[in-house]
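Naming follows writing order (A, B, C and D), and every chain is counted from residue 1.
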Amino acid sequence: MATLFKKDWFGLLIVVVVSGLAIAAVKPAFLSSFNLYVLMVSTSYMLIIALAQMIIIAIGQMNLSVGAIGGLVAISFSGLMEVHQISVPVAVLISLVIGMTCGFLNGYITAKSGISAFIITLATLYIFKGINLGITEAEPFYNIPETVKNFGNAKLGNTPIPFLIVIPIIITFLMWVFMNRTETGRHMLAYGNSVQSAELIGISSSKVVITAHVISGFLAATAGILVVCRLQLGTPNIGDSWLLPSFAAPVIGGAILAGGKVDVIATALGVLIVVIISQALVIFKIDPFFVQIFLGVMILLAVLVNRYREYKQEALRKIFNSE
Amino acid sequence: MKSLFSIVASAAVVLSGGAFAGSSDTKVALVPGGPHPYFAAWEKAGQDAVKDFGLGKADYKVPAEWDLSQQNELIESLVGKGYNAVLVFPGDAVGTNKILGELDDAGIPTAALAGCVEQPTKAKMCFGTDTGHSAYLGTKQLIDAMGGKGKIAHFTGFLVDPNTTLRIKAVEKAVEESGGDVEIIQVIADIDAYEPADEKINAFMAAQGAEVDGIVTTAWVPAVVAAQALTNMGDKRIKMVGIDHDEVVLEAIKAGFVHGTMLQNPYGQGYIGSYAMDKIRGGCTFKANAPWKSTAQTDQFIDSGTVFVDVTDVDNYVDAMRGISLEILKTFEGDFLDC
Amino acid sequence: MNKKIPNFIFTNQFGLLCLVLIFIVIFSTVTDGFTSRFNIFALSRVIAIDIMIGLAMMVVILTGGLNLALGAIGVCAAMFGGWCMEVLEIPIIPSILLMLGMGSFLGWINGFITVKTGVHSFIVTLATMSIYFGFMTMLTEAEAFRRLPELFTDFGSAKLFNKYISPLLLVSVATCFVLFYVFRFTDIGRKLIAAGANPEAAELSGISVNRMFIYCHVLSGFLGALAAILLTTRIGAAIPSMAGQLGMDWLLPAFLAPVIGGTLLSGGKLSVFGTMLGAVLVTLLTNGLYLLDVGEFWIRFFLGIILLMAVLLDRTREYFTLRKVIVS
Amino acid sequence: MNEFCLEIRSANKSFPGVKALDQASFRLRKGSIHALLGENGAGKSTLIKIITGVHKQDSGKLFINGKEETLNNPNDATKFGISVVHQERNLIRRFSVGENLMLNNLPKTPLGLIDYDEITIKSKKWLEMMDLDIDPKTVVSELTVAKMQLCEIAKALSLKAKILLLDEPTSSLSPQESENLFTLLKKIVRDEGVSIVFVSHKLEEVFNICDDVTVLRDGENACTSEDIKNLDRQKLVRLMIGRDEQIVKSARKIKNAKDTILALRNVKTELGHRNIDLELNRSEIIGLYGLVGAGRTELMKCLIGQDKITDGDVIVNGKKVTINSPKTALEKFKIGYISEDRKKEGLILIHNVLDNTSITVWSQIRKAFGFVSDGMIANKVDSYIRQLEVKTPSNYQLISNLSGGNQQKISVAKWLAAGTDILIIDEPTVGIDIKTKAYLHELIIKLADNGTSIILISSDMPEMISLADKILVMKDFQMSGIVENDHDYDAVSSKIMEFIHT
């Protein structure tokens, strides 16, 4: 039990359950099957977006271009199908490759130049978004094949579970395995913990950085495709609003921006909290002017709580050490 | 490399453009607020105006972002380049006035297109949609469709856009006029991006879907997302009135999930706007007794036509809009101008 | 002995200056209208505001941090000033002081939270960006203040030097000189730089690093408010959307100018005039690209490429030359 | 028999401003324990980094088992069975002990995933071998410094190293732990055929376990792979410092023996110090001796207000005071602290000589509106830069381009410029060449003679004994004893060791 309390995700799980129950107590419709469906749909792509940022946070960097990659992939995906009549699986494949290429560029330039990823991805954010607008001239692609649309709307049998969330759940699981059970994943966290130590151990920094960015690009691309499935159109604006939630969820999940500490499950719960909160704001008809403030306060609270926990642990360690 | 290519290409465009130049030296710039599909029709409208009225140029120039400063920067560079008439969708109903004033000082006539700037202004006219009125009419249509009673929700765009406040108020006004049988149960704003719009509108549907009888949307993105949501849900009970001509909305009307949409007339705006600019540059002035309309923002308003389209006329809305445009054009000079 | 070596040629600023001059020559020969009075005047005004925004971000980058809330602070200050002038009818000068005070105060909040919690300023300002902007829209209901005193708004359209230059540019350039003086020739400026370069060493050398970091955030808020004042006189009204949604539209110029100008993202090295030249270069290029008709939709793409090229070139230059001047 | 498993021939390596290795050679016999000795800055670390593939030599050859090889990165070295325990902690603090031990060679399940059970089992084996009673699942950040050190050694062993480099492995171990380690080392040399390169300052240890000795001095070989039987302590020291071990018999006399300038009474700190008493007289040099992790630096940081003193009295010039920041310490009480970590805490590497030297005096010399010009600064600090004979092309040279010795001079100069009454000097000669070291020693004595009171932290016993007037020994964040220093090396050092090992 004591070890459970130590886990980042345990407290968050309690927050999710308690807030869910509290909302349901006041508004029973919250647990209606349709609402659960909506909740899961929103969670689906948000989850991937958060993971795309999380893996970069894991190595102690930031990726501002997550949304731009998602947007570029979204319009490529829909454009390939509409303009070039490419079949869905091939379009998915090409789109994922585009996303990974974008990620590779981010990673390669960052690793080879040694310039902060913040600046590199700020630049590529404008480059990717520029290509997006240059191609589309701000016009959405509408002719999404029925199969894609159906995929975006389908549910698993008679359950309220959207088909759309299946892939994110699988990816989340794979990401958990990756970060916790594979050598590359552990090396990334080691690198995030201490670049110097990692290099002395013999971990190749450019390999770690590039891999992380490629995965981030892949995830951003997946999110872009999912959003197209969901919205049933490929609009150039996709991705514009991802930046804030992409950081909010991992940070609420206890990630440390300096790197080396991320938790896939806690990040997923962070996504759930963000989604539940934005739903609650709609359900309780909170003054729309208030929504912004609320989100900001949430982020601040989350980091303060994490900070406090760490401070406590550090204090414990000091006492333990001196005795 | 790419830039070089673009430069060469654009040089070619400039040259060929020069060859087609008509009798007039009017060079109109049509500047939207930012990249948005709504304005796409302006490009064709400008080209048609050059052909039909013999303008020097009428080019569609889009700011890279929805940002007042970017728009100002673009307009300034266009003037630097020799454009001598500017039609602009105001980046801000108030904030755009300053640059319009400065253009006027430089002898460049301007007009607000599609949306208005607030008076006092140096813009020669506002030719476009009365955003408040359109929202009002849309709500009226919705209330009619709901049989005069029920609960409605209003989805709209960025709160920082003053038009949003106008729209919220207009919807409230229409509801008040219904005499208490209609009630606004929720306003959701700030959803001009697709993902949050999808999240919030669907959350709303889940929580209030059973209670709500009608939805009015007064911004592009919410209209698209709400139409999509209703289509996905297969819900024909809830009546919805959208805005603009996004294909998703039009399809939903055809399929019966959306009652109708408030169409604006972007083509007509660009076409007639360019024409008017040429006339003004040619020495015409607006008549003292021109049949201006008045809106909350300005009393030099000319309606470019707001049309409510439902399932009966959704297929030929383009013709309908063209008809309106020609109608306005026919009487424009006689009604408004002293030449 | 100990004479300063004149190695200006190897500095980032010299490279920038050359680039600026080269582009001026290119644009004035290739495009029509670049050198027109109207265009130069318009450029001077845009440059003025971009310089100010760049400086505001620069002083926080000095600490190795970021200020994402810069735009939100600017808008809050502008709206507050609009309210003072229009509703409370406070005269112009006190109103301007109040706006600057408001900006400084919001900057102080950022600095205070950052220092006291030890949380990275990226996250802190990400949150306060939302909070400031939210409060602003809530309190103003997104209504603009447009009946500002004429004297105030006329300043933004005034033309000097044979109608070529906006007085706004003079304000910005003057601010550059003041900041240059502060960072180069005062103890506090030197302490700010030292604290940013190596907080531990600075702290152990008797500098109160926390206080210095808070000063930087306050200064950032102050300069952000100053940028907002310039922008307000130029727009002629205080409007909630003047820096875009959440004030994020300021972020690109805010980062471009200092980064291109040679300010170190990890902190401890800045260049006031580099930032100025960075802002000039970016504005010049945007303007030139518009004039060249590369297609407005591609502008962002080119800005991104330019930023990338600038940082990569700077990295290369750094590789080949030793840096010797900290403030320049 | 005399087969060399590792050989380096005439290696050269330069860093900006420093020639770290000059024709250095080194031969390691298979199955031997080889001491690599030299003073700080003599090039040992550089040589180790070349052997482990972190750096590449500028010229010279490297042979492994008689074959010439090139090591491009640490992975290459690992492949040849070379593994190292660095002075710096290289454990991933948020990972478990077991995972850290296995990080280079994580056991995997048939699916290619990491097998944590296997990690626990395997790492347990190594921990037991080291007599370490640690659950492999413990997170490293929860360990004590000494245990972290042992884990690092366990980790190196776990890599099945054939050549093991230990860089000061006992610096933070208790004698018992050290003994255990030596037993273990001898065992693995005997049983596993491992060869060990052993770096240490403690000559007793060298004579205890090593077979061969290589000594570096200023990057050159003072001796190459000598059999230890041919050497005695005195010879060794002569090789290391180029002259006989000289204990400076300081003729200093403390003028005002009872003039207490600083006193700590029963002080307790938030970092865990307890019952700390200390008395410093004017013009006195007191030394703080102790093992790494004894809490010396930490105590001084509490004193200058970096961390909090939670209980007890701090008395400066007879008055009870509270010092809540280094700023107060400097400006109000004229206490300065020269950090042991020059690069991290002492200097601002990206700034120039002038700015670094003057950082402490800006507030003093500013004029109206805070005006401080380069000229004013140069006026104030130039004399110190010259007095300390700092070798720099100009005052505008970046600190990062100076040699270690000159950097250290700058970090001393800035406190001289500040005019402090009490100067805390933390490990002043780590990584400093011998000449500068001697110079700094003279300087410290001169400072004290001129009225500055000095607290000297040093792990260098000869340095401590030659400089300090009295030596306070610390252990586990407590004072364990005071030794009046009569500069008799053997007597004093054995007294000190007694206090440490009780």
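A few notes on this one:
As a working rule, a residue touches a chain if its C-beta (ideal position, glycine included) is under 8 Å from a C-beta of that chain, and two chains touch if they have at least 3 such contacts.
This one's a predicted model, so the numbers in the text were calculated from it and none came from an experiment.
Think of each touching pair as a link: the shortest run of links from subunit B to subunit D has 2 of them.
Note on interfaces C-D and B-C: more C-beta pairs are in contact across B-C. Greatest centre-to-centre distance from subunit C is found for D, with centres as Cα means.
With centres set at the average Cα position, the gap from subunit A to subunit D is 44 Å. For the pair subunit B and subunit C, the distance between C-alpha centroids works out to 34 Å. Between subunit A and subunit B the centroid-to-centroid distance comes to 35 Å (mean Cα coordinates, whole Å).
Within subunit C, residues 137, 141, 295, 297-300, 302 each touch two or more of the remaining chains. Multi-chain contact residues of subunit A (touching two or more other chains) are listed as 130, 133, 137-138, 289, 291-292. The set of subunit B residues touching two or more other chains comprises 35, 62, 64, 159. All chain pairs that count as touching, in label order, are A-B, A-C, A-D, B-C, C-D. Subunit C contributes residues 66, 113, 117-120, 122-124, 126-131, 133-135, 137-138, 141, 246, 252, 255, 259, 265-266, 295, 297-305, 307-308, 311-312, 315 to its touches with subunit A in the complex. Contacts from subunit A toward subunit B in the complex involve residues 27, 29-30, 32, 34-35, 37-39, 41-42, 45, 130, 133, 137-140, 142, 153, 227, 230-233, 235-238, 240-242, 275, 278-279, 282-283, 285, 288-289, 291-292. Taken together, the subunit A residues at the contact with subunit D in this complex read 177, 180-183, 186-187, 189-190, 193-194, 196-202, 204, 260-261, 317-323. Residue ranges on subunit C touching subunit D, taken from their complex, read 1-5, 185-191, 193-194, 197-198, 200-208, 264, 268-269, 322-326. For subunit D in complex with subunit A, the touching residues are 52, 54, 73-75, 77-78, 86, 88-95, 99, 103-104, 106, 108, 112-114, 141-142, 144-145, 270-274, 295, 476-477.
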